[in-house]
Amino acid sequence: MAEVVSLRDAVAELVHDGDVVAMEGFTHLIPVTAGHEIIRQRRRDLTLVRMTPDIVYDQLIGAGCARKLIFSWGGNPGVGSLHRFRDAVQHGWPVPLEIEEHSHAGMANRYVAGASGLPFAVLRGYVGTDLPNVTDTIKPITCPFTGEALTAVPAINPDVAIVHAQRADRAGNVQLWGLVGVQKEAVLAARRSLVTVEEVVDELEPVPGGMVLPSWAVDRVAEVPGGAHPSYAQGYSERDNAYYAAWDAISRDRDEFERWVERVRAGEEVNA
Amino acid sequence: MAEVVSLRDAVAELVHDGDVVAMEGFTHLIPVTAGHEIIRQRRRDLTLVRMTPDIVYDQLIGAGCARKLIFSWGGNPGVGSLHRFRDAVQHGWPVPLEIEEHSHAGMANRYVAGASGLPFAVLRGYVGTDLPNVTDTIKPITCPFTGEALTAVPAINPDVAIVHAQRADRAGNVQLWGLVGVQKEAVLAARRSLVTVEEVVDELEPVPGGMVLPSWAVDRVAEVPGGAHPSYAQGYSERDNAYYAAWDAISRDRDEFERWVERVRAGEEVNA
Amino acid sequence: MTTSTYTADEMMSVAAARALSGGQRCFVGIGLPSTAANLARRTHAPDLVLIYESGTLGSKPDRLPASIGDGILAETADAVISVPEVFNYWLQPGRIDVGFLGAAQLDKFGNINTTVIGDDYADPKVRLPGAGGAPEIAANCHEVYVVVRQSKRSFVDQVDFVTSFGHGRGNGERARLGLRGAGPTLVITDLGVFRPDPDSHELVLTGVHPGVTVEQVREATGWELRVADDVATTPAPTSDELAVLRALKEASS
Amino acid sequence: MTTSTYTADEMMSVAAARALSGGQRCFVGIGLPSTAANLARRTHAPDLVLIYESGTLGSKPDRLPASIGDGILAETADAVISVPEVFNYWLQPGRIDVGFLGAAQLDKFGNINTTVIGDDYADPKVRLPGAGGAPEIAANCHEVYVVVRQSKRSFVDQVDFVTSFGHGRGNGERARLGLRGAGPTLVITDLGVFRPDPDSHELVLTGVHPGVTVEQVREATGWELRVADDVATTPAPTSDELAVLRALKEASS
């Protein structure tokens, strides 16, 4: 059963140096504040997993928390490149970053396999592309009935999954709605899980398009209002497009970025 | 785009002798009236697919519409055996019935593969059981990453899928809620599809737990109020438990059953 | 509490219910298992999480569901999901503590037959409903409890057809096949209670219900029955247990 | 209708929008493709079905979405589904008519690079965002339209990295690999329109936008460009097209 705890305690307890950590949320419901807490607690050598590494992963990478990134699209959506990510890949700053690169379909299916207790998933993907030449977690597989050649990718089973949701009840049942991305799969694929929520309520009213993760499928819940900022939580907040644009300038310059990290470590709210 | 037509026209157009026909609905939303229309139109040599063949398949089998059944659990739920099914399997009456037998997990995954455009699915299933000895659509497969042995089942891609839902709008968008079973997968796996609905409405109001099948993923919609009877449509009707019990007596006896078929062919409402 | 008169079926349901404890996640087959699981949730194990293969997680029905897809299961659930999801995301990865199954035939190593009676699959003596969710419930839950009415016909040396794998021919065959769950760890009948021997995995009589003798159990068993050194006697149903059981059944009839 | 002044980017968006027709199912990449697809839906193709990889089927936004997961896509959709479902149940089986993609680099056979510029993947000149949904969009849609700003740098003989497979090295390589969709059948740039030769699958210039010469296109092409016998001139944007396009952009800024 999920325990409702503080974000600080949840990260201290669940996220260890060297862990494989998946933070999911497809544009919507990105667990950004949880990422800042990981920076604050100075985690190191993480393997970060995320379909769409954007600002929060740029921040974690720039802060030196990661040694590897598993992903399918890395950018500042609607703005441009991730400068900390590029600096780490191209210049090894502040530490070298290994990458393992897939397509969205491949990553989504890796989570599905992880959530399903299977060691791999099958898809029609990657054929003819250069991705299998640079990524060794893409292999051919043959249909035992038709003989057709398809592609296999291995399951992802993170040590920890972190997602953001709209609500939880006091028993730790979690409810989210709107674009739900691969959050359910990430939580179910992981050994441990943390859900930050906009609010903890007495009762979860059913919502059209909503899904519930039962308390017994989640380890920790932390109430973090605005915890998806600058992304959004449908029904609670709007996407802060200005922050995405502002991040470009902060992240372009190592010194500017380090000042940003110091502010995060000092516990400041960092809304740009 | 789905056209809204009469049940008679939809069955006449979509269901042909010799077709592979899947009618799904897991206790809830079973397309029973559509089955009666198939009996009325005297289809023959159908391969019937259904996870839980119950009364409506007993009726189709007894009426001689089927030459093969692909399934995972056949019974009159809460009552007992399917007498027409047993008579066909054990005595070839009125025509011999070939069977292809799986587990629920296997059938569900066969539909998932069919809906996903893949030739097969992988699961942890059937190991140690006698099912692979009698069913040739169960084969071993090896994980290309871990070497682990797992089980593969082939996709099901029916010629026609028939399901029942609560509502459609005039453009043919379909909405269902409550226990949704494998209906989405069956429709998406099929070459052609028919959805019978409780009512056609001007606009589909969102419903908690509801799902929408867009009009362009469905071929025909027919308005058939009560079309799931004796099963139920959440929000519209209750399960008619007495009918399930009454069916036992009707189906036990060939003559009794043939009188029932005559009444169906005469176009009578047959509520027990 | 005084104990009133009760039937052997009632004793079986009560004994099966007592085997479940609060907070456990229980994958519930219809019929006897569903009766027992609901009784447990309404008596000593209110936190028991009931999961049905129709796609309901955490159902809290106040009467016995008439079928695996009774509307009350969806209406009272924490989450309603598709059938593929319940098998792939919830059962298969080993998230469920107890799989609670019935059986038409059960053998000395806990293998379950719900497919055909008779040696010839193509020409069976009796055609049964088939597998349903049972093979993967038996494979993937941490452990499996079986509830079955016992007779020489249902309690056999070797099932005619292995629909759901228990311990195979015993002696660790289950582990050798790579199955992750422990398989049947408890069998409850209308006569008594059986557990597999830790080494051979043969079912051993470990308890009898009140008024039942070991000899009676032997006579209703289709193999040379092994009996534990200490055979416990099941406490009779309490009046509270009986009252709740009867109310559940009354409300669903 | 009179034609007002317009930019090359506006001409590109209008030309791309015109390529879509009502009732088609279109899998929309963000950026230029999304602009064009939304313009089409708001002008001549109101029935166009827009599908975004964030999990929305039939989105009907009244402004340009700021990202692939803009809330307006979910709020106006016929159905919102999970990301695995959009790829597995909707894209992979070939239910989508047109995949509408952008590119950082595009080559003479319609292969797309959005991964790295430079020959060494491990030490790239420029690290681009990566694949996203594009490889499987390119593989599984019935056909693919590419919208890209054209220059010698972006329009190359052979991409540095094949992120999304177009026609490989041409001459039917796509079919030989077993890919089901037809691949890139149309490329629209700020200068003109290209289609693959039916046999060699090399991109051929088939149209130029108003005021653009074939020579200008050649100079912005990184290979020995083939030109169709009849090069059409794209009709200039109508004032209605421009008004809708500018209103869409205005509303999203």
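Order of writing sets the chain letters: A, B, C and D. Residues in each chain are counted from 1.
Going forward, a contact is a pair of C-beta atoms (placed from the backbone, for glycine too) under 8 Å apart; a residue touches a chain by one contact, two chains touch by 3 or more.
These figures come from a predicted structure and were not determined experimentally.
Touch-path distance (fewest steps) from chain C to chain D is 2. Distance between chain A and chain C, defined via averaged C-alpha coordinates, is recorded as 41 Å.
Averaged Cα coordinates give chain B a centre that lies 28 Å from the centre of chain C.
Residues of chain A found to touch two or more other chains are 117-118, 123-124, 148, 184-185, 209. Counting partners per residue, chain C has 88, 92, 140 as the residues that reach two or more other chains. Chains touching one another form the pairs A-B, A-C, A-D, B-C, B-D. Within the complex formed with chain C, the residues of chain B that make contact are 26-28, 51-52, 71-75, 77-78, 81, 85-86, 89-90, 101-105, 108-109, 111-112, 123-131, 134, 148-149, 178-182, 184-185, 209, 232, 234, 238-239, 241. Chain B makes touch with chain A in their complex at residues 117-124, 137, 139-141, 143-146, 148, 150, 152, 154, 206-210.
Considering their complex, residues 1, 115-118, 173, 184-185, 188, 211-214, 216-217 of chain B touch chain D. Partner chain A is touched in their complex by these residues of chain D: 30, 53-56, 66-71, 73-75, 80, 82-84, 87-88, 91-92, 115, 121, 123-124, 127, 129-136, 139-140, 161-165, 168, 173-174, 177-180. Within the complex, the chain C residues that touch chain A are 23, 25, 49, 57-58, 78-79, 88-89, 92-95, 140.
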